[in-house]
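Got a structure here, written out as structure tokens. Questions coming.
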Amino acid sequence: MRRAVYPGSFDPVTNGHLDVIERAARQYDEVLVAIAHNEAKTGLFTFEERVALLREAVQQHPNVQVTQFQGLLVDYARSVQAQVILRGLRAVSDFEYEFQMALMNRKLDSDVETMFLMPKEEYTYLSSRLVKEIARLGGDIGAFVPDCIARALRAKFAATDSAPSRKP
Amino acid sequence: MRRAVYPGSFDPVTNGHLDVIERAARQYDEVLVAIAHNEAKTGLFTFEERVALLREAVQQHPNVQVTQFQGLLVDYARSVQAQVILRGLRAVSDFEYEFQMALMNRKLDSDVETMFLMPKEEYTYLSSRLVKEIARLGGDIGAFVPDCIARALRAKFAATDSAPSRKP
Amino acid sequence: MRRAVYPGSFDPVTNGHLDVIERAARQYDEVLVAIAHNEAKTGLFTFEERVALLREAVQQHPNVQVTQFQGLLVDYARSVQAQVILRGLRAVSDFEYEFQMALMNRKLDSDVETMFLMPKEEYTYLSSRLVKEIARLGGDIGAFVPDCIARALRAKFAATDSAPSRKP
Amino acid sequence: MRRAVYPGSFDPVTNGHLDVIERAARQYDEVLVAIAHNEAKTGLFTFEERVALLREAVQQHPNVQVTQFQGLLVDYARSVQAQVILRGLRAVSDFEYEFQMALMNRKLDSDVETMFLMPKEEYTYLSSRLVKEIARLGGDIGAFVPDCIARALRAKFAATDSAPSRKP
Amino acid sequence: MRRAVYPGSFDPVTNGHLDVIERAARQYDEVLVAIAHNEAKTGLFTFEERVALLREAVQQHPNVQVTQFQGLLVDYARSVQAQVILRGLRAVSDFEYEFQMALMNRKLDSDVETMFLMPKEEYTYLSSRLVKEIARLGGDIGAFVPDCIARALRAKFAATDSAPSRKP
Amino acid sequence: MRRAVYPGSFDPVTNGHLDVIERAARQYDEVLVAIAHNEAKTGLFTFEERVALLREAVQQHPNVQVTQFQGLLVDYARSVQAQVILRGLRAVSDFEYEFQMALMNRKLDSDVETMFLMPKEEYTYLSSRLVKEIARLGGDIGAFVPDCIARALRAKFAATDSAPSRKP
């Protein structure tokens, strides 16, 4: 049983993440998409919303599960008996940060190996941050996220936009 | 009529920006220096101050106009019939961010092309953030920004410095 | 009349180069695709073959001309009254080399500006060197170069492959 | 008398910093480890704690002194008659930021030279930020910081963790 | 049965390669270390020597086999029913080249996935080229390659060194 | 007595190298500019020419000596009792190569420290290779190298150019 953990904050999941998840689902018996639960860091979507949206986005993959973790990623990986941490690599700046994290995680637990794969080149430019920015400015995000996320983003920013008008 | 948009936050404009603007003014019939209006992000200078300072700094270029935009940059470029978005490239870290933005903008509107040019190598180290930091610490910024900006920075930090002394 | 020079060795031209050429053709009144004539450096294709193949590949663009140059690029650009040298940027390693060349060319002639643009992200991985290597190993290069180049590459390597068998 | 300044925020000092300090202590007659005093930026440790912890960590080096500075680094370097600013280089992202700072400092005072050295490769992945994050999550940081810092980090996060439980 | 191909020229294998091989042997049921057979490119060691040295270096791993391939790597991977191509990543420059190769291989065969892992940080600086250069200059390479390779390198350069003295 | 070695091939020395040498001469009691003697690698200038040109270029610095070395750089540094190897850093690509060399040299001899400094930003684009290429193409290299080198380059290429005409 080969089990891999794909950690992230997924605020929200993009087509780039989903491309990595699909590739991982073909490589490993089980893929745990693990949302980091960080109380100090609030996102656009609540933790519960992110779990629900991610579940909807990956439901067609029977060997992919959406989970969560608190504390150290290596402790979580060990607790679920995963041998591998998966990460997508898109750009040089990714590379240095990921290198640092992978080496640090190896120091903390040498039994868990970080493996990297590359998303489709058309997703190289994608990031959750950029997608949120475009959605906030009213741009069309249909090509960047699955439908359920696009709907959720539109709903989120529609609510936000109307909020100020209520103020006066 | 070839019209280019040079977007930024210009908080404040530096000699590096002005070098790009001068090169652009020689290349295009009209250059619109477009300040991004972002309510969520307050700068050292107010939006109105940045517009006024930028106008003063570029007044010797008859084909350069200072404008502003809200929303998506590509929508703005289209609305002013600009075929080109201009960006300066200084370093590798610039490159990756700019690459990401240019590819995303191309997805959003394939008719607007992002073109890059390089400022003079002596401006490679310059950034609005660094200039503000040096001004805040009382350093001489005369070599990094035009005179009108240097005066405005000194005035801004003189006001800030005296403020705490009034408090007690 | 805005004229741009797009220099290279084009041994052979790839879909990545053609993407840059098409974008340039929309931006400038005239684009001169200028093959560097370097006697010291022999390519897979002869200089004459490269000119002929490039002409075939760009024939649908009325404002694109295939030319050649010897000596310094800035001298050539000046001699044909081009205000701009165009270069495609794909990756960080490109960036540093191109930065170096652009700054050096500016030192040699400050009137010619180097402008950069980005090819489609699906051509990020493409290079003449890689295409030749794949063709040499018998791989399918149909997705990487125009048809006329694919045929020429196959002919070139068919000739090369049969050559050794004739020797004894 | 060759005197070097090694500036930083040291919140807290890591084994990577100490490796640079030890190398510097062998190279220069006197090394001033200078903690930047920035009122606007609060760290995990107070300024006074950082001074005390750093003093404990470097006490075995007779030619290393822990100091502080406010204002511009080059002004401080000049005031203590240091000819050299020392910086550690670990990664490409370090490099660009450090390059920018070094060139800016040279503009501000051409008499002070920035010299770079590389920490041991096993400290490439280390940063104060990462160490704090791991300590916050309860991970073992014994391999990344000296004992006095490990104790201080544990005490700091023990205090922080118990704080919320006291609230209700 | 999960089978991975680890391709390279291994002229000669270093401790950095062996670190990747050991990590791979723990991850996959079978690891094929595949030496590229390139007639046009002669190395320090002949192809046959490289096969023999590599076999000696990996003999303690029962699920690692030393093989060879000609032609396209993806064709070889498919012919041996490997789902994965493995590559080590050490530095930013590696990253860009590897990214290019991985994307190109995906275009050629989308069923084979390239997975990356990171060697121990102490092997970041290692390369076959550097090891050969140091051995050529008489330096001690004992820390960089396994014993069998160290002996072979010494023998190779002893032979080369004595050669000129025989000439006159 | 603090002695630094500044190694290179200096084929030929450029203003960028001289900028590093001048900075080094202010930092160290003695600077040995050490030309690597590599029989396998022939340059544009012979080893003897490079020594002579470098001596002429640095003659105004009483504490700078031009020397040569064969074999490992760390062995040479130790033999001349230098505590430091000096290298200039210009760009990211420099950085990775230099990082690799510095770490390898540290493995070979941990007593010699590699220190890096940055040349003036206007020399960022300079390299011996580029200067030779421009000189070969008849460009003006007066801004890139000292006068003695400019004369030598012109003489070298004048000789080379006329050579073919003598052949028939």
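In this document, chain identifiers A, B, C, D, E and F correspond to the written order of the chains, with residue numbering beginning at 1 in each.
Going forward, contacts are C-beta pairs under 8 Å (C-beta built on N, C-alpha and C of every residue); 3 or more make two chains touch, one makes a residue touch a chain.
What you see is a predicted model; the values in this text were computed from it and never measured.
A.B. asks: Along touching chains only, what is the step distance from subunit A to subunit D?
C.D. replies: The fewest touching-chain steps linking subunit A to subunit D number 1.
A.B. asks: So, comparing C-alpha centroids, which chain is the farthest one from subunit A?
C.D. replies: It is F.
A.B. asks: Counting residue numbers used by both copies over all numbers at the interface, does the subunit E-subunit F contact come out same (over half shared) or different (under half)?
C.D. replies: different
A.B. asks: Can you check how far apart subunit B and subunit D are, centre to centre, with Cα atoms defining each centre and the answer in Å?
C.D. replies: 33
A.B. asks: Roughly how far is subunit D from subunit E, centre to centre by C-alpha average, rounded to an integer in Å?
C.D. replies: Measuring from centre to centre gives 39 Å for this pair.
A.B. asks: At which residue positions does subunit B touch at least two other chains?
C.D. replies: In subunit B, residues 92-93, 96, 99, 103, 121, 124-125 touch at least two other chains, as defined above.
A.B. asks: Among all the chains shown, which pairs meet the touch rule set out at the top?
C.D. replies: Going through each pair of chains, those in contact are A-B, A-C, A-D, A-E, B-C, B-D, B-F, C-E, C-F, D-E, D-F, E-F.
A.B. asks: Residue numbers of subunit D touching subunit A in their complex, please.
C.D. replies: The contact residues of subunit D facing subunit A are 91-93, 124-127, 130, 134, 137-140, 143-144.
A.B. asks: If you look only at subunit A, which of its residues touch subunit E in the complex?
C.D. replies: Touching subunit E from subunit A are residues 2, 23, 26-27, 83-84, 89, 92, 95-96, 99, 102-103, 113-118, 121.
A.B. asks: For subunit C, which residues count as touching subunit F in their complex?
C.D. replies: Listed in rising order, the residues of subunit C that touch subunit F are 71-72, 75, 92-93, 96, 99-100, 103-104, 107-108.
A.B. asks: Considering only the defined contacts, which subunit F positions touch subunit B in the complex?
C.D. replies: 92, 121-122, 124-125
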